[in-house]
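Letters A, B, C and D mark the chains as written, and numbering starts fresh at 1 in each.
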Amino acid sequence: MKIKQEAIGDVYVVRLSGQLMGGPDADAVRETILSALNQGYRNILIDLKDVSWVNSTGLGILMSAHITATQNGGKVKLMRISSRIDSIFMVTRLNTVFQVFDKEDEALASFEGETSEGQKS
Amino acid sequence: MKIKQEAIGDVYVVRLSGQLMGGPDADAVRETILSALNQGYRNILIDLKDVSWVNSTGLGILMSAHITATQNGGKVKLMRISSRIDSIFMVTRLNTVFQVFDKEDEALASFEGETSEGQKS
Amino acid sequence: MSSPRDYPQDRVIEFSMPSRLELLVVLDGLVQSICSEMDFEQADVDAIANSVIEAASNAVQHAHEQNPGVPVHFRFVLGEDELVVEVNDAGEGFDIDQAMALDPTGPEGILKSRGRGIFIMRAMMDSVDFDIRMGKGTLVRMTKSRSTEAEAEA
Amino acid sequence: MSSPRDYPQDRVIEFSMPSRLELLVVLDGLVQSICSEMDFEQADVDAIANSVIEAASNAVQHAHEQNPGVPVHFRFVLGEDELVVEVNDAGEGFDIDQAMALDPTGPEGILKSRGRGIFIMRAMMDSVDFDIRMGKGTLVRMTKSRSTEAEAEA
């Protein structure tokens, strides 16, 4: 798995590619999220467009990201998941935990007005 | 493998899909070519756009088609081969036996002026 | 629970790979190929691939602790209308009741970072059986029939 | 000629399938996955897939005469910069010199409908060895290294 990151306004966008399935991936994603939080970002958007599949360990990585962000007053949203990943989200009910967007502009816009308590420091 | 056929002017177009690899494929292609020749067509164009790969037995099927057509005053040309099939044509020098076209209109046009002795009966 | 079975040899594909997570992508490619040869619908292909990956992840991570020298074995039985997949490891086995005790979609389970693998297999396949021989490894046998509608919402 | 070899278990993928031509497409999918995991260039992937398909076609058609009850065995050794593929059948063996006697690109050979399989493997892979144990089957061992330029024109 590869990770790219980019700040767009006050949203920290984390773009993953490959497969999300545990091993060293877990630490890498965790560190990226922590680094975003430490830089003062509270709005985190994970782009899964180039992730062909996730396994349950990969779901755990996303769940950890969610919890880490929440504990620090932040929020993790997801975008551009494949129908294969969508099916695993439905089954595990992670679709009730994460907001998922089809389009980047919609995902970015959705953070507006949510930044009151988690503004960039 | 699946075979579809269609007459476009005096060209008999044979569209294959799947993999060309012997077994029942050999008979099916042979019968299609013979049927075209029996109907009086001399210009035969095999479309390989939807053939993902061929093996050497599949090359043999194409070679038999070439020979059957030639013996009956006809001609077999090919179009739209993948780079994978192209590489096997180069190695086996079948690129010196068959004219291969990238585009259907070019392939169809190429038969014009070649139909003198093999006109539709 | 289930025990080893004989399947007609002319329908069985066997596969084995070292216990390395990065090879799960090779397994995934194989499963995709088998399912497309069998004309499964895309939703079923996803369900099967997800489930085989879960069983294989457990074999690699839990049973073999990512020791690449220990292979995971797979058998695929390509039936007329059904695919059977067996995933066989050489681990110590485990307590299946305990492993399934917490519902990963419940209020407590959903916040955990683990415990979804077996749940996913059971939700996505028609049947999932475990033959756990303590100290001698685990055989997971899963089936999916082609006529079944996609059970992603199940 | 070559003889059986031991490879480090942590780099070996094994596969076996019934002798049915329609399963070559499953084999092809597996080979594509292995090659892409190994980061081979597309031209090399094509060369390897073509060659493995040729060796497998020979096992299915010549060695096993399409008897689906007899499996063809494959080993893939995923080296640092090289892929080794072994294809093992249980046929009667054959006379390799005779099989390679006619150049399929020469004026006589090119018009034949057969006799291109071994030629293709040898043109597309870095090395191809046959271990033919008459009456006991054939082992074809092929290698392709990643650094090599595509040899499609060779």
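By our rule, a contact is a pair of C-beta atoms (placed from the backbone, for glycine too) under 8 Å apart; a residue touches a chain by one contact, two chains touch by 3 or more.
Owing to the predicted nature of the structure, the values given are computational and were not obtained by experimental measurement.
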**Prompt:** By the touch rule set out at the top, what is the minimum number of steps from subunit A to subunit D?
**Reply:** 2
**Prompt:** So, what's the distance in Å between the C-alpha centres of subunit D and subunit B?
**Reply:** 27
**Message:** I'd like the Å distance between the centres of subunit A and subunit B, where a centre is the mean of that chain's Cα atoms.
**Reply:** 52
**Request:** Mind checking the centre-to-centre distance between subunit B and subunit C? Centres are C-alpha means, answer in whole Å.
**Result:** 44
**Where subunit B touches two or more other chains, by residue** = none
**Asked** Residue numbers in subunit C touching 2 or more other chains?
**Response** 22, 25, 28
**Request:** Classify the chain contact graph as line, ring, star, complete or other.
**Result:** line
**Request:** Would you mind giving me the full set of chain pairs in touch?
**Result:** A-C, B-D, C-D
**Request:** Would you pull the subunit C residues touching subunit A in the complex into a rising list?
**Result:** 21-22, 24-25, 28, 42-43, 46-47, 49-50, 53-54, 57, 61, 66, 104-105, 110-117, 119-120, 123-124, 150, 152-154
**subunit C-facing residues of subunit A, complex** = 19, 21-23, 52-53, 55-57, 59-61, 63-64, 67, 83-84, 86-88, 90-94, 96-97
**Request:** Name, in rising order, each residue of subunit C that touches subunit D in their complex.
**Result:** 8-18, 20, 22-23, 25-26, 28-30, 32-34, 36-37, 68-71
